[in-house]
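Pasting the structures in now, so scroll down.
Presented sequentially are two complexes of chain A, the first with chain B as partner and the second with chain C.
== the complex of A and B ==
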């Protein structure tokens, strides 16, 4: 089991979702993806779509400023 | 009738499926097509794009201007239409200058360019199809397209594929 980090704070729609999805598809079951994202659409929808696709959202936490951290387990 | 009944009638049977008819070969409309397709695929939608008429230019192997097609007129037409790299914008094209400006601005503002969106669509395994009838008119073969184009289809097969989901014409 490993943790992979992904920073999408500088990305815009749809690449915020695209990069998260592509990174998740590369992980093994049980691996964790740590996503740094900004408030607004990414924060509202990335944890929700991850849950809908059967992944486990372990944590959503505020890092500072507009940046949040989401931990997703595959 | 209750409100909930009305909603249930309006909603597609399978809301997690998006089918797009890509008719326009315009740069800006292709950006819209591939933005919707990749965004939807990334959040778990099954996505299908059916390329027809000008839209076929977007999936040609040769992205610049090339004499693609069989026969004199299709070859000439193919040359003037070009591929993804020579797609014009739908307004204020300024003889091909505007797509270059758009590409520059998209890179500068860290927004995915059209080429990056197409690559993302391939990576996300978006289903791409070519229209048999338009290919016939333009003298195009399946081998003229990128290998991600799964099949050459007609209307009835597209209707079967898109059944129950949402369909857009761009």
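== the complex of A and C ==
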């Protein structure tokens, strides 16, 4: 099991989704994707979209300033 | 209001007809609320009732649009047998508050196209100004 990091703090919709989906599709089952994202639309939608796609959202935490971290398990 | 040429509208209708019986989808790009580029894309759900974009294709299209100095103005999809109105799922999956949501319907004899602004589950119809 490995953890892969993805920083989408400088991206806007739909690239926030696109990059997250592409990265998730590359993971092995049980791997974890650690996503750094910003408040607003990304924080509101990325965890929701991940759950809807059947992934497990392990954690959503505040890193600092506008940046949050979401842990998604495949 | 969003400006779309009759040519691009006809391209979307063709895309929808060629995709029957499935829903089709794509992006519309341009500048200042005027669509100048049409990107027909793949509905990886291959379903007559719902659609999903291919993330790799989305990545390419968004990058191409940016390189051409264009902005993503709308995504569009078709309703093969139902009116050009957002379904509950369309509303639920409308994550991007910045773009318009264009729906092409082939339900009636003449194809129909409508545009909507969808924010936080609230749907507002948007006028399409057809330009030459």
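The rule is short, and it goes like this: the second predicted complex is superposed on the first by the 74 of 74 C-alpha atoms of A that agree within 3 Å, B and C clash if a C-alpha of one lies under 4 Å from a C-alpha of the other, contacts with A are read in each partner's own complex, and residues count from 1 in each chain.
One rule holds in what follows: a contact is a pair of C-beta atoms (placed from the backbone, for glycine too) under 8 Å apart; a residue touches a chain by one contact, two chains touch by 3 or more.
These figures come from a predicted structure and were not determined experimentally.
Chemist: After the alignment on chain A, I want to confirm one thing: do chain B and chain C clash, or do they fit together?
Modeler: clash
Chemist: One more residue to check, A:22. First (chain B), second (chain C), both or neither?
Modeler: Once the two structures are laid over each other on A, A:22 reaches both partners.
Chemist: Looking at the overlay, does A:14 come into contact with chain B only (first), chain C only (second), both, or neither?
Modeler: Both chain B and chain C are touched by A:14.
Chemist: Identify the partner contact of A:41: answer first if only chain B is touched, second if only chain C is, both if each is, neither if none is.
Modeler: So A:41 only meets chain C here.
Chemist: Taking the superposition on A as described, I'd like to know which of chain B and chain C A:49 touches: first, second, both or neither.
Modeler: A:49: touches chain B and chain C.
Chemist: Looking at 60-68, 78-86 or 150-158, which bit of chain B clashes with chain C?
Modeler: Clashes occur only in 150-158.
Chemist: Touching chain B and also chain C: which chain A residues?
Modeler: On chain A, the residues that contact chain B in one structure and chain C in the other are 12-15, 17-18, 21-22, 45, 49.
Chemist: Can you list the residues on chain A that touch chain B in the complex?
Modeler: Those in contact with chain B are residues 10-15, 17-18, 20-22, 45, 49, 52-53.
Chemist: Going by the contact rule set out above, which residues of chain C touch chain A in the complex?
Modeler: 53, 55-56, 58-59, 62, 72, 95-99
Chemist: Which residues of chain B touch chain A in their complex?
Modeler: Answer in residue numbers: 35-36, 38-39, 41-44, 109-112, 116-117, 120, 123-124.
Chemist: Over in the complex, which chain A residues touch chain C? Could you list them?
Modeler: It comes out as residues 12-15, 17-19, 21-22, 25, 41, 45, 49.
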